[in-house]
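The same subunit A turns up in both complexes below, where it pairs with subunit B and then with subunit C.
Up next is the complex of A and B:
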């Protein structure tokens, strides 16, 4: 009995450092951040921010009222990030799946090719998106150069400003994101027992039938996890927008870039915190959903 | 087991305590000084450190110097204000000074201690004020003038323009000789200087950003619309490359510095980039061309501010005075930063009466500073955003006669809203 207690206390000693770190690095800042969202904390109250007046839900009212410019922009940024996700995630998934199917067989240099396809994924964001920024620049960019050469456009198109600004971000994000999907799907493919395919062959199933009846259903748990993970990452997309479009992406603002601008550049910390809390709630709902999905997945198998 | 671990922990705690107390004992008074990369790190840091050593010999105060990039400086300074620690004395951009003063985190300055009001260039001194009180000490100044490529001008057979109309005539000839987009380089939607560049045109058109009492927006009147149209026309008429819409300031500057474009509004600090990137460029500088209502330029630069929560305010003030001594200032502006001194006395040095510096000096004398408001950051953002929308409409091909007016009115409404929050 006493040994058990001793064991338990020892466990606490081992866990304590991590627990303390988590408390100070994650839990307390999150609670502070949420608390700030109820304060009128802006430029006038910054030096004595602990004494900033408590204003209840006013910050939240502002960001959800399209009457205010800030509310309009915040709602639009959420809309933008959803559109962005609805395109990049499925396209990335399909490309990843196609390449994974291609690579899931034996050929000379397979390991090398598998390593190579990971290149976009392992390139640091700052490097990759800066290169993409150059590619999309109007005067010197490769995109315009080729479109002009092929006669698709008559004069250079400006990509990084205005209505079209979301396209470059989507294209470069797909380029950056599909290898991860491919990697995960490839791992999933390798866990499918070969006997299933052999049985299918004997029954005379075509390649297509094999894919839709065996491969795709067997990949479902992987697919679910992948899509939910991507959806979560999607909501706090920041680097690609910030690097490609600058600190003020205009109509292509997403929540993270907008929060950064409102809180840290314009010093409206209260309002910025309220936006961050909403963003966190969205991501939390998605996370809980993902946990449920995962559990569901394991029950099925 | 538990006992051993506790003893071990106690040991660690004691060791840490010992180490911190030792370092604390080892140093005399130390102040931390933040400055932006006003010159190349390779010459800037050794220079400031040498000055700091000199200062330490004189006063016994050690100066801990840190270079803070412009992109992170705003966040670092606002964090220092919120937490009350980080730096004792730091550089602030002139347009930042009133906003940071409004936070209550900057030490109020008795300007007499630093030589009195007359000692500084007027616009720079004004930039240190908030509600009529001083919260900083002008350090160095900059203003914008028109740089032009002498060789390109010669080949096109034109003289440097003195007015907006002349600039258009010159630009037409240059475009005829060198092709579309070769006349002038402008920074577009990614420019942090967008407002500065437009304000120069606005003021020359007799316009003003806000009313005299700083209560209402005024930039959407006739002068403002004329200035906006003139600016966009530079692109629309093909004087500036259409790609300018997505340029940031360094890209716009680079187009001129590389010798591809004949004119560009730039500041004195660009001279060092020319010397560094294209020393053979045959360029000269003239005052910004006058508009229908006369000459105007933007007054910028940097001030030095002291953190109110600092425990070493006296030492920080001494350091500021030390940095502002005439010879130090001449050295810092002439040899390192290629900025202009903000001190009248330093400006009398013969160096600033020669060559391009004379042009900058003359321009600085009539240049304008932005209104010293707490909400200036918001206002600047709003105007820039709507300005970007104008450019975006141009890019999207929906720009027409009413675009400038529409967006300036939208900006004015939002600015008036923001001004209501000014306390």
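Up next is the complex of A and C:
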């Protein structure tokens, strides 16, 4: 008995540092952030935040009423990030899958190529997206150079400001994102028993049939994990927008950049927090939903 | 010739052979395409870093004779020589080194001890703890940033603790970002080390702590290395919190690199040279530890 108690107290010491860190950086800020979202907290009230007026759901109401341009812009940023994800995630997945199938074949230099394709994934965001920013420059960039040469456009297009700002972000994020999918899918491919393919060959299945009947179903667990992770992380999107388009991406704002601007440039901490809470709720609903789907799927198989 | 006409088997074989060769060529072409798409931006980065500022600024896509070129018209080292001239890149580099190394060390210590508890002890709330640790990954950074920023402001105002724009504040912040994934990854790793080994060590007269330090930690070195690298790279690359919480004394490379482009002047050449400098630590670490990192990533993604 006494030994058991002693053991218990010892466990605490092992987990305590991690618990303390997470409490200070995750738990307290999230709860506090939810509270701040009910306050009219701006730069004037920040100095004495306890006296900041409690305005109930006012911040939330403002976001959802069409009278307030800020709310409309925020809702638009949510729409933008969804469109962004609906393009980048499937395209990244398909490219990752095609390249994984390619790299699963035997050829000279395979190990080298497998290492090379990870470069975009491991390159720091600040480096990769700044290089893409250079590539997408209107007058001195590579993209316009080739589009002009091939006659697709007549004069240089301004990519990083205005209507078209989402395109460069999508293209560079796909470039940076597919290697992760490829890496995970490649690992999945290697775990599929070769006997399955041999049996299929004896039955006279074509390559296409082999893919749809064996490879794709066998990769389903990995695919689901990938898609769930990407769907959640999609709402975190910040770096690519901030680096490529600057602190004010205009019409291509996503929630993270917009909240940042609202809180740290316009100094509306209360309203920014309300926006952050909405973002978190969206992610939570999405997570619960995808966990249910994932669990349902695994029962079937 | 005769044989070719009269021997259907050999003919079939030949046909098969040409088909195979074509398939091989297509395979290598596809691989080449992938490699070119992956490496293109890096070629552009390297080439830009060797171009003079004049060449980059004078380029004009509308005029064929002034088109931006892959190969610099004249190779110059001025961007490297001046990398620290207008932007304090060396200071940012030092700041990033200190913050990333600190994060790495602290994150290793904290996640070893938590992972050890999760792997070797049975206690109430163990599963809740593991789920709680995993679920922090779900929340976006921006959700903590505002209250966290205000927390830093008040720590300073009421307790006189300066956290904003200090190494300690940044190391603490990044350590907390790094530990959830690190704990889960190390726990997976420790679970593969048989319990009998530490039990045996204890029978042989090691204390529990002795078993941890003499047996378990050496055996889980690959996992610890992977966690350390993950933490280092995470801190090196982080943008969102660095852009708000660092200041003149602690600015990291991820943010500092943006200073080459201002409203007045665009120093793309300098920025490309800085990009190469910033990538070096990450690339060196990664290539030397590729195997461990990939194993860690895959197990983290497939088990987690």
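The rule is simple: the second predicted complex is superposed on the first by the 287 of 301 C-alpha atoms of A that agree within 3 Å, B and C clash if a C-alpha of one lies under 4 Å from a C-alpha of the other, contacts with A are read in each partner's own complex, and residues count from 1 in each chain.
Note that contacts are C-beta pairs under 8 Å (C-beta built on N, C-alpha and C of every residue); 3 or more make two chains touch, one makes a residue touch a chain.
Predicted, not measured: the structure shown is a model, and the values here were computed from it.
**Student:** Based on the superposed arrangement, let me know which partner A:248 touches: subunit B (first), subunit C (second), both, or neither?
**Tutor:** It touches subunit B, and subunit C stays clear.
**Student:** With both complexes overlaid on chain A, does A:217 touch subunit B (first), subunit C (second), both or neither?
**Tutor:** Touch partners of A:217: none, neither subunit B nor subunit C.
**Student:** Have a look at where A:148 lands relative to subunit B and subunit C in the superposition and call it first, second, both or neither.
**Tutor:** After superposition on chain A, A:148 lies in contact with subunit C alone.
**Student:** Who does A:193 touch here: subunit B (first), subunit C (second), both, or neither?
**Tutor:** neither
**Student:** In the superposed arrangement, which partner chain does A:46 touch: subunit B (first), subunit C (second), both, or neither?
**Tutor:** both
**Student:** After superposition on the shared chain, which partner residues are touched by A:69: those of subunit B (first), subunit C (second), both, or neither?
**Tutor:** first
**Student:** By the touch definition at the top of the document, which applies to A:90: first (subunit B), second (subunit C), both, or neither?
**Tutor:** The answer is neither, since A:90 touches no partner chain.
**Student:** Determine, for the superposed model, which of the two partners subunit B and subunit C contacts more residues of subunit A.
**Tutor:** On the superposition, C touches more of the residues of subunit A.
**Student:** Quick check on the superposed pair: does A:156 touch subunit B, subunit C, both, or neither? Answer first, second, both or neither.
**Tutor:** both
**Student:** Does subunit B (first) or subunit C (second) touch A:264, or do both, or does neither?
**Tutor:** Once the two structures are laid over each other on A, A:264 reaches both partners.
**Student:** With the touch criterion stated at the top, can you tell me which subunit A residues are shared between the subunit B interface and the subunit C interface?
**Tutor:** Comparing the two interfaces on subunit A, one with subunit B and one with subunit C, the shared residues are 10, 13, 46, 49, 137-139, 155-156, 264.
**Student:** List the residues on subunit C that touch subunit A in their complex, please.
**Tutor:** Subunit C residues touching subunit A: 24, 27-28, 30-31, 34-35, 37-39, 41-42, 44-45, 48, 56-57, 59-62, 67-68, 109-111, 113-114, 116-118, 121, 123, 129, 132-133, 136, 138-151, 153-154, 172-173, 175-177, 179-180, 183, 208, 233, 236-237, 239-240, 243-244, 253-255, 257-258, 261, 268, 271-272, 275, 278-279, 282-283, 286-287, 290, 294, 297-298, 301-302, 304.
**Student:** Would you mind writing out the residues of subunit B in touch with subunit A in their complex?
**Tutor:** Against subunit A, the touching part of subunit B is residues 1-2, 5, 74-75, 78, 81-82, 84, 99, 102-105, 188-190, 241-243, 245-246, 248, 308-309, 374-375, 377-378, 381, 384-385, 388-389, 391-393, 395-396, 414, 417, 423.
**Student:** State the interface residues of subunit A toward subunit C in the complex, per the touch definition above.
**Tutor:** Those residues of subunit A that touch subunit C are 7-8, 10-11, 13-15, 17-19, 21-22, 24-26, 28-30, 32-33, 36, 46, 49, 99, 102-103, 105, 107, 109, 113, 115-120, 122-128, 130-135, 137-142, 144-145, 148, 155-156, 175, 179, 183-184, 187-188, 221-222, 225-226, 229, 232, 235-236, 238-239, 242-243, 255-256, 259-260, 263-264, 269, 272-273, 276-277, 279-280, 283-284, 287.
**Student:** What residues of subunit A sit close enough to touch subunit B in their complex?
**Tutor:** That would be residues 9-10, 13, 43-49, 69, 137-139, 155-156, 158-164, 246, 248, 250-251, 261, 264-267 of subunit A.
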